[in-house]
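Below, each structure is written out as structure tokens.
Each of the two complexes below includes subunit A, the first together with subunit B, the second together with subunit C.
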Partner chain A sequence: MDIVLQLLFTGLGIGAVYALVALGFVLIFRATNVVNFAQGEFSMVAAYLMVVFAVDLHWPYGWAFLASLTGMALLGAIFNLGVYYPLRNRTFLPVIIATIGASIFLANTVLALYGPQPQVLSGWFETPGIQVGPVYLDSQYLLIMGVTLVLVGFNFWFFEHTMLGKKLQATSQDKEMASLLGIPVAAMIMLTFVYSALLGGVAGILVAPILFVSIQMGSTIALKAFAATIIGGFGDVKGAIIGGLALGVIETFGAAYISVPYKDGFAFLVLVAFLIFRPQGIFGERVAEKA
Partner chain B sequence: MASALTARQLTGTIAYVALSALAVAVVGLLPMDDYTMHILVQTASFSIAVFGLTVVLGLCGQINLAQAAFFGFGAYAVGLGTADLHLNFWIALAMGAGVALVMGAFLGMTTLRLGGHYLAMVTISFQQIVTLIMVNWIPVTHGPDGIGNIKRPAMFESAHAFLGLCVVAMALIGYIVWRLPQTPLGRSMRAIRDNELAAGVAGINVYRVKVAAFALSAVLGGIGGGFFAGGFAYVSPDQFSFAESIVFITMTLLGGVASPVGALIGTALLIVLPESLRFLKSVPGLYLAIYGLSIILIIRYMPDGIWGFVQYRIRRWFAPPAFTDAATELTLVPARSTNTVDAPMALEVEHLAKHFGGLKAVDDVSFSVRRGEVHALIGPNGSGKTTMLNVLSGIYKGTAGRVVLGGRDVTLLPPYARTAAGMGRTFQNIRLFRSMTALENVIIGAEHPGNDIGSGHAALVERARAALAFVGLEARAQELVTAFSYGHQRLIEIARALAGNPSLLLLDEPAAGLNSTEKQGLRDLLKRIAAKGLTILIIDHDMTLVTEVAQRITVLNFGRRIADGVAADVLRQPDVIAAYLGSEPDAPALA
Partner chain C sequence: MTISRRRFTTALGASLTLPALIGRASAQGATMKIGMCAPVTGPAAESGRYAQIGAKLAVDAVNKAGGVLGKQVELIVEDDQTTNPGIVLAFSKLASQTDIVAFLGSIRSTQLHAMSPDALKVGKPVMIGGTDPALTHMGNQWYFRFRPNDSYSGKVIADYGVNTLGKKKWAIVHSTDAFGTAGGKALADALSKINGASVALDQGYSNQSQDFTPVVLAIKQSGADILGSYFTFENDLGVFARQLRQLGVTIPYVGSPSIVNITALKLAGPALYGTFGVADYAEDSSAGSKAFGKIYREVAKVAPDNQSSWTYDAVTVLCMAINKAGKTDPTAIREAILAVRKHPGAEGEYNFDANGDGLHGYNIVRNENGTIVFDKHIESAS
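Let's turn to the complex of A and B:
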């Protein structure tokens, strides 16, 4: 029983990271109708920026964090201008191929600069964790869950209760109509990419001390996050979060009780099971293309 | 298709065979060093796998990011089969292709009902799993050490002879892929790539064709991998990683996604260039970073690749000539299904409903369309007309109710099966296959089971020309549809529907966006169609058009039927006037 609780805690912690990245997926998907296949690389790049600032340059953790997020905002903007925006009027296939190209480009540019050796980033807190009854609560996992909770809350408040959030929603639902109402659509899309890059970046920085900082972390996290969005229901914010948490738990238990080398395969099995039996996900509703 | 080789195609085939024979002779007879042979075997085996991507990505518009995994199935089957199990090369190759086929079909079947994003992510995941298994299932796959001592087939043991064999295989498969776009299957794939929704309504079983394209792509990956293993005698997991899948995709995009010629150009370039720029490989990641950047740049600036660019320049010299003989008269068989006594109604709609969450877009609507009549469905914006048409043609699944076409219940049928059962439709926003000629568009409309127009390609062409002649555009049959004006594109869409020989034609706002001359032409066309006895259900806002052509009218408002009957009576009803014109109930009638 103790071990189960311990695994549950770890699973939810990892799942929170997937949920954050999945949230970034969903936001871009809702704004542009395109899945950004480089979303995972945002996390990877942010983790490497942290390594540059906090480890190589020995900046204080907080300053390094802010500098990394500034870098991510910039990356989101460049990504929009260089990859998405020029293709915005094309069909979805060229756009997703371009985002896949961008993902390859980002991962391998970092590889060329930093080499294949994984880097180590220490956690935010000095204290490693606290023991609560039979369960050991690692401080980094607690931080991840806390930040995820805050960001999900912020996300809800921002989209439902601010004018800017409502403008973003209007843009994602009908770009033409939004522009006719005087909403600067290009700026809204830009904002979405910057925001998603920040979300991905926060997830990457939070998870970095748990995993190693490696080139592969981006694609691994992206696959899990995408699986999470499908499990939760594609394009659904609530679904992305629940799907992410569920996947983290499934994977942790799978690794503990079934097989460690195939840990990354469980997400795929769950994904295929959902595709076969419930393709619309837990919360999703299937809507056909409008004729 | 057996007897369907035209003179043009025959010339092309002869040229192809001559060129292939020359290529085989050159690589087979010319003395060359091991390094050159190495490069050429790699080019030939990679090309076969890239041909697979030409089919699935270029022709069918579906992405496959696991081609290296399928390539790996072929390579591991030949490796394990010949080295560990001492099987014959050909048997091992067949097994590899078989495994690739089964896995490809399985992935396609689970994913292709959903959007393209799913396919991209699922194929990436699949690729990762295959790599995991290759590395970790050591008792069978030998793990990271890989497999050595792979055998070649008898008579082709020497590297030189095996190279010749690879080039022959590449030429044969290349020929199939080159000819595929002009076959019924290839045409269906292109139609799906251009406009999936319209492809379904034109009578194509979209799901099945997509799965076929994906499975075919996987098989070609497997065959390519088998030859690769034979050529190199050693395989290991890193040769079949996700990075290699990206290399395959880049090859396809660089050369030109829609043609095997482009595939060969892209493959050769991306094998020879990195070899000559070896210093790039000394920094890990650098060459893949360049590939990633190239993908972005190609997509943005050269979406048709190198060969597409060349083709665009030389196309004008090879444009097919216009037809010189006259087209035949279009025959329509409106009373085809059963006899008129059994089913006097062409269409019966019973208590049909379509709800989107809480929104009742269509709410318990019933009406019947009599055989041979023109029936109009009108109502203000948002009254559920287009939703109704989408439920009738099978694009939306109704929430409740029945749709009976010519006495046959079609409620549960998908769009293509309704087309086979005798339904034809056009779209409010034109949905033509934009990369094709007017003739090809209409041929796709004619080409479906249930349309008895005789067999063979010639019969299809004749049928399509007759339909185009009926709408007055036969003289421009060989032009790309994008060259036509908006109004003419609408007519091509109507011709596409007519070529399928429907017993009921659904027209979704055909007059929208037309100028007054074009509207007059449309009215005349509809009268000519009606004069041939074909039943029409039309949605439109143009009351002149509706009153002039329709005998009966059904009026919808807020998803409910508010009137139904003979045109003149319906238009006199006060609630129709109120709903439609928003005026006082005592305003004078429209008629």
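Let's turn to the complex of A and C:
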């Protein structure tokens, strides 16, 4: 039982990271109908910004965090203007390829600027974790779970109870109709990219003390987060959260009780099963082709 | 203008022989070229930088001493991207330059397996740092190893753990790539030959894992009193070491060389304090190691480790062998490398055997609060 609880905690912790990045995937997909394959690189860039501000410049953690997020907001805006906006009237394929190109560009830019050395970013708390009975609770995982919970609540409030959130939803559902209603569609999409970059950035900064800061950290997380969005139902916020958490727990228990080397295999086995038997995911609705 | 048969034959002959003549002229160019596949990008980019510094230090030293066959040595580096397809591409790019006389391959066994068929086809000497014993025992006469292979590291880890630390119930954790699998097997084989020693857990993991909780819990459950490991990537070792300590595993830990490399020490920090490692490079193990450490620190501004020492030795021994052979004929260079005896390198004393293995023992070092301290050298035969 002790082992089960320990595995459950770790699985939920790593799953919360997938969920945060998956949330970014979902928001952009809802607003633009394309998958942003640079979402993982947003996490990586934010973690490096944090290293620059907190480690290299010795800024207090809080200020470094705010500065990193400001940088991410700027990156989200530039990404929208440079990658999505010029291709907005094209089919989804060129846009997706552009996001893949952008992810390679971001990874290599950071490599050129900061070098290949993995960096250490210390955790937010002086105590690395607490022992509760037989279970060790890593303080960074606790923080990640807490932040995920807060962001889920914030998302719900923002999208359901604010005018800006409703405008964003309207834009994602039907851009033409939103435009006719006087909603500034281009500004809404810009806002979505900024928010997604912030979400990816928060995930990267939070996970950096656990996985270290490296050029590859973004792509490793993004692949799982992408699987989580499909499992949860592409385009569904709660689906991304549940999908991310489920993926974290499945791979952790699969590794513990079946095979460690096939840990990643379990996650993608579940993904394939969903694609075959329930392609719309847990919360997605089946979309029928219109006649 | 009519074309006579003689003119036609002359033109045809010239067009057929000219490229070969140009190729030969370029092979006899101003510099002696050595190709190097190194991870400039990818997860091992940092260690790739160290490897290049080590090789360049050796090139500078050789050139300062008069070069090779009267020419200055030039290092041509291609990025292997830390991947198997990457190194195959990098090697084929280098191999297409006919004036390159020999190559430096990877420190990663899995990459060396991937490029082995091409290395055989090219038929020129390739210096390697991968430690999978099979690499020099699978019929590829062009691979020459500048680190002791894992059959030796397995024996030394087992010997030290059982005979010096007095622990007999082992947990083995290893990567499932070629290096980790071969290393784990070598350690298990060595333990099977020691009376009373047993393997309580033999656990593989896939590279670039984000979480090692299941592995650590398996170690706890196994009841092992000592841990041996073969980690390929420092990131993985860093995450594993931290979780090991967080989840309360405090048994003695003897790791493969990656446990003492500079990146792993930086990433894992206190989580690796008190551990032991087999190290092909230990700064205090010999006069050659100390001398290399001194010049490396001046240039790289970090402590030296095996990522740079093997490339330094590889370039030094290769140049020495070409000079001794007196020509760049691959077979002559091969024979000259195999004839190297008692060469004091940065990694230790080189005595090549018929398979192309230059080193046959390991140093045992311990991590004392982040400082790597030399303990003793164990030759495999002893």
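Keep in mind that, in the parts below, the second predicted complex is superposed on the first by the 275 of 291 C-alpha atoms of A that agree within 3 Å, B and C clash if a C-alpha of one lies under 4 Å from a C-alpha of the other, contacts with A are read in each partner's own complex, and residues count from 1 in each chain.
As a convention for this text, contacts are C-beta pairs under 8 Å (C-beta built on N, C-alpha and C of every residue); 3 or more make two chains touch, one makes a residue touch a chain.
These numbers come from a predicted model, not from an experiment.
Participant: Just checking: does A:133 make contact with subunit B only, subunit C only, both, or neither of them? Give me first, second, both or neither.
Facilitator: Neither subunit B nor subunit C is touched by A:133.
Participant: So, does A:6 touch the first partner subunit B, the second partner subunit C, both, or neither?
Facilitator: second
Participant: For A:116, decide between first (touching subunit B), second (touching subunit C), both and neither.
Facilitator: Both partners, subunit B and subunit C.
Participant: Check whether subunit B or subunit C contacts more residues of subunit A in the superposed model.
Facilitator: B
Participant: Looking at the overlay, what does A:210 touch: subunit B (first), subunit C (second), both, or neither?
Facilitator: The answer is second: A:210 touches subunit C but not subunit B.
Participant: In the superposed arrangement, which partner chain does A:261 touch: subunit B (first), subunit C (second), both, or neither?
Facilitator: Once the two structures are laid over each other on A, A:261 reaches both partners.
Participant: Going by the contact rule set out at the top, does A:108 touch subunit B (first), subunit C (second), both, or neither?
Facilitator: After superposition on chain A, A:108 lies in contact with both partners, subunit B and subunit C.
Participant: Touch test for A:182: subunit B only (first), subunit C only (second), both, or neither?
Facilitator: In the superposed model, A:182 contacts neither subunit B nor subunit C.
Participant: Answer with first, second, both or neither: which of subunit B and subunit C does A:252 touch in the superposed model?
Facilitator: second
Participant: Show me the subunit A residues, by the header's touch rule, that subunit B contacts in one structure and subunit C contacts in the other.
Facilitator: 108, 111, 115-116, 215, 261-262, 264.
Participant: Mind pulling up the subunit A residues that touch subunit B in the complex?
Facilitator: Counting only subunit A, the residues touching subunit B are 29, 35, 37, 82-83, 86-87, 90, 92-94, 96-98, 100-112, 115-116, 215, 219, 223, 226-227, 230, 234, 261-262, 264-265, 267-268, 271-272, 275-276, 279, 285, 287-289, 291.
Participant: Hey, which residues of subunit B end up touching subunit A in the complex?
Facilitator: Going through subunit B, the ones touching subunit A are 61, 63, 65, 110-111, 113-114, 116-118, 120-122, 124-126, 128-129, 132, 136, 196-197, 242, 246, 249, 253, 283-286, 288-289, 291-296, 299-300, 303, 356-357, 386, 389-390, 393, 395-397, 427-428, 431, 508.
Participant: Inside the complex, what are the residues of subunit A that reach subunit C?
Facilitator: 3, 6-7, 10, 14, 108, 111, 115-118, 120, 128-129, 136, 138, 210-212, 214-216, 220-221, 252, 255-256, 260-264
Participant: For the complex, give me every residue of subunit C touching subunit A.
Facilitator: 40-43, 45-46, 48-49, 176, 203-206, 208-211, 213-215, 217-218, 221, 234-235, 238-239, 246-248, 263, 266-267, 269
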